[in-house]
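Next up: the structures, one after another.
Two complexes are shown next, each including chain A; its partner changes from chain B in the first to chain C in the second.
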Partner chain A sequence: MKILVIVDENPYSMYVIKEISRISLNTWSDITIMGFIDENEKHRDVNSTSIAQAMVEYLQIFSSSYNDSFCPYTFPKEMHFSSLDKNHFLLSASGKKKLNLVISKNEPVASIVNKVQQERPSLLAIGCDKSYNCQWKNKKVPSTVAQKVSCSVLVVKETKNPETIVCCLDNNHITQTSLELINQLATLYKADLKIVGIAENNLMRDRVENTMKEIMLYYLNQDIPIWLEVVDKSILSSFLNQVAQKDMVALWLGKQSFLEKFISKEKINHLINDTPSTVLLLR
Partner chain B sequence: MNVLIYLDDNLISSISLRYICAQARFVPMSIRPFHVEVRGQRHYPFGVGWVRRTWENTVKETSREFIENFIKTEIHSCPGLLTAKIVVGDTETELLKEIKTGKYDLFVIGMLRSFGFYSFYDFLNGSLIKQIKLPILLVRNITHYKSVYFLIDRYTDVHAMLQNYFSLYKDLPYNIFFCHYAYNDQETNEFKNKLIKIKDCFKDFELDISKVIQLPTSVEESAHLLRTGDMVVASIEKNGAKTAITDILANIPNSCLIFWK
Partner chain C sequence: MANQDKIKILILDDEPIVTKRLKSSLEKIGYEVETFNRSIDALERCRKHRFDIVITDLKMEGIDGIEFLTEVKELYPDTEVIVITGFATMDTAKESFKRGVLDFLAKPFRISELKEVLHKATEKIKAKKQGK
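What follows is the complex of A and B.
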């Protein structure tokens, strides 16, 4: 699994790093951690910028999670970013698996979209704080990125672990990667898994029902308890609003997805920006 | 135990069949799958002439093939599973007819939990429930927990409930927990006194008095707590009146065994 983690200097980014380090303990993922130099600090030496200092601290936190376990990364003795080109700087902790810290001087959203196109990660993880409407320095970086990239996105908000991961399912194609990602998160949070089929006029399409059954059997074969539930599309919005107060919302969004028709971009932005729930967009 | 299970070839039938077959590994039972093929052609009454009868038989046989294939693909072995009975007609009418003529102890039907939980009350208020006397096992999800939660409040006749349960499930080797819902603090205190009185009743069934859980006043929280039971057993009124007990049953994601008061 390839994970791209986007960070800034705020506490939620530290929390994202802790979560990703826990996932990587199980998955030995290839990880890129990416941060951006603040406009005011662009003329300073990269290693003295606040983002470089924060990222060095994140790397130390990351390495400390491997105290007693075999570590697939090699943490350098000198935490020093070196220049890749005039706008990018690298600190590598790669070993058997890749762990790169990249600092960019470019505009965040475009750079992140480019990075996703280059690296094709399975997951992009980004943190934000609901009290600031999930904004990064007054810009809606997390929600904009979540809408623009082609990979799955995890927007992590509160430090409270969700009790249930609620996965909304329509007639979209379900990938093995997305199921494994959900497994990882369910294990990480010790959360219940709930698969919600979207019905239209209280009837579920055969394809949705078949997919629900396949998912149910997949998890039952792995001894992972799973709950199935149905929600009619007419009350989907109120359902998501309720769920987003305490559980983690996972939505499969893809080319064949009719969830994209039911849940507008504004609704997804609302879930990301205005609710306390961690949101997982699966693609 | 003679069990009647209603099956279609859909997801919830798959869940309910797997669920009852898991119980059949512990509890001796004969399970009769039952399917009603809804009338496709309304302009001729069924079975009124040899031409119609032929058509009816064809529909029935096609349907039988469907359901038997469904059962075969769903489950490799299910102790006590009988051949499916297929009829053509109106679902509720045919189900009632079968329940009345067959000697069944339990009716099993699947129902996925739905947000807003109106379907649960629609089900309770439906004509099928109004006329049915059998206890119903409403299957919602496949669970592998080893406990059964008895959902009780101050109106519950605990002794009758235990008697009904053990007449069906005396061989089910699961732990039994009593989960008491109190509508207010006064009831919580009253229940403490009531507990002493029903202690003897517990002894009759060799149950440990300590296995009593006081549920929180929030229906949603209670339902969340109860989800770790393989099934929740409750005794409710047939008129479908909303109570905390029915609200909890509507909210739980796991299966419930319903006895009628």
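What follows is the complex of A and C.
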């Protein structure tokens, strides 16, 4: 599994690093951690910028989660970024698996979208404030990126173990990749899985139930218990608000997503920017 | 690749969608691939035939992946084993490496990631054959 992690200097980025450390302990993923130099620090030596210092601290936190010698990464003694080209800098901790820290001088959103196209990660992870609009250089970077990239996105608000992962079903578009991602997170958090089908005035109940049946069979074969629930479109918004207070919300949002008809971009932005829950957008 | 030089791969995963996808991608780049969805069938095949590379899932009904790869390594210590798993844990990663696997890939992964690992395995196998 390949993971792209986007960080800045704010506390939520520390949370995302802690979450990714936990995921990597289980999955031994190839990881790229990417940060951006602030406009007013662009002329300084990269290693003295606030983002470089924060990322070195993140790498130390990451390495401290491996408290024995069994580790797929090789943490360098000298925590020093070297120039890749005039706008990019690298600190590598790769060993058996890749762990690269990259600093960019470019504009974050476009750079992140490009990086996703280049590296094709299975997951992009990014932190975000949990109760008010995120501090990402006064722009809503997490919600903008989450809507623009082609891979699944995990938006982390704080370090916590969700008891339940609530997955809102897309009747048209459930990829094997997205199921595998949910399975890894459910294994990590030892969380219950709740699959939620969305119906509209009972019209789509048959279709929803068929898709839910397929999912149920998939999990029965895996010997994993799941909860099933059908929610009417009319109460979907309040249902998501309630779930987003304590559980992890997972939404399937592919290119031809059925859910996109039911959940507006504004609603998704609200889930990302203004709720305490970790949000997983599946593609 | 000439037929006798082809690297022989066995893929074991209880999900047919996974074995089907991997088989077609790996055959396209010249590997000879056999797939199994039940560990008991894969083990029976391994007892009769040596594969250069074995790609195995861990969580399966009956003989699980760790038992399976342990037996494969006992039968053929030179066979390179790659673990693919949808339910990765720290313990399964450690256990796999203790038993001599070449790599551990958590699902979901891109075919390109697996190809990279297979390239490493192939180089290792070729070097061994040349007595390096």
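One rule holds for everything that comes next: the second predicted complex is superposed on the first by the 271 of 283 C-alpha atoms of A that agree within 3 Å, B and C clash if a C-alpha of one lies under 4 Å from a C-alpha of the other, contacts with A are read in each partner's own complex, and residues count from 1 in each chain.
Definition applied: contacts are C-beta pairs under 8 Å (C-beta built on N, C-alpha and C of every residue); 3 or more make two chains touch, one makes a residue touch a chain.
Since the model is a prediction, treat every value here as computed from it, not as a measurement.
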Is A:Q245 in contact with chain B, with chain C, with both, or with neither (first, second, both, neither)?
-> neither
For A:N67, is the partner it touches chain B (first), chain C (second), both, or none of the two (neither)?
-> neither
In the superposed arrangement, does A:N40 touch chain B (first), chain C (second), both or neither?
-> neither
With the two structures laid over each other on chain A, which partner does A:M212 touch: chain B (first), chain C (second), both, or neither?
-> first
Contacts of A:I235 with chain B and chain C, given as first, second, both or neither | first
Of the two partner chains, chain B (first) and chain C (second), which one does A:S48 touch, if any: first, second, both, or neither?
-> neither
Which superposed partner A:L220 touches (first chain B, second chain C, both, neither) | first
Hey, what residues of chain A end up touching chain B and chain C alike?
-> 223
Interface residues, chain C side, partner chain A - complex | 14-15, 17-18, 59, 61, 86-90, 93-94, 97, 103-110, 112-113
Across the complex, what residues on chain A touch chain C?
-> 1-2, 25-30, 70, 96, 120, 122, 176-178, 180-181, 183-184, 187, 221-223
For the chain A and chain B complex, residues of the former touching the latter = 163, 192, 194, 196-197, 199, 202, 204, 209-210, 212-213, 216, 220, 223, 225-232, 235, 239, 242
Chain A-facing residues of chain B, complex = 10-11, 14-15, 112-116, 119, 140-144, 224, 227, 253
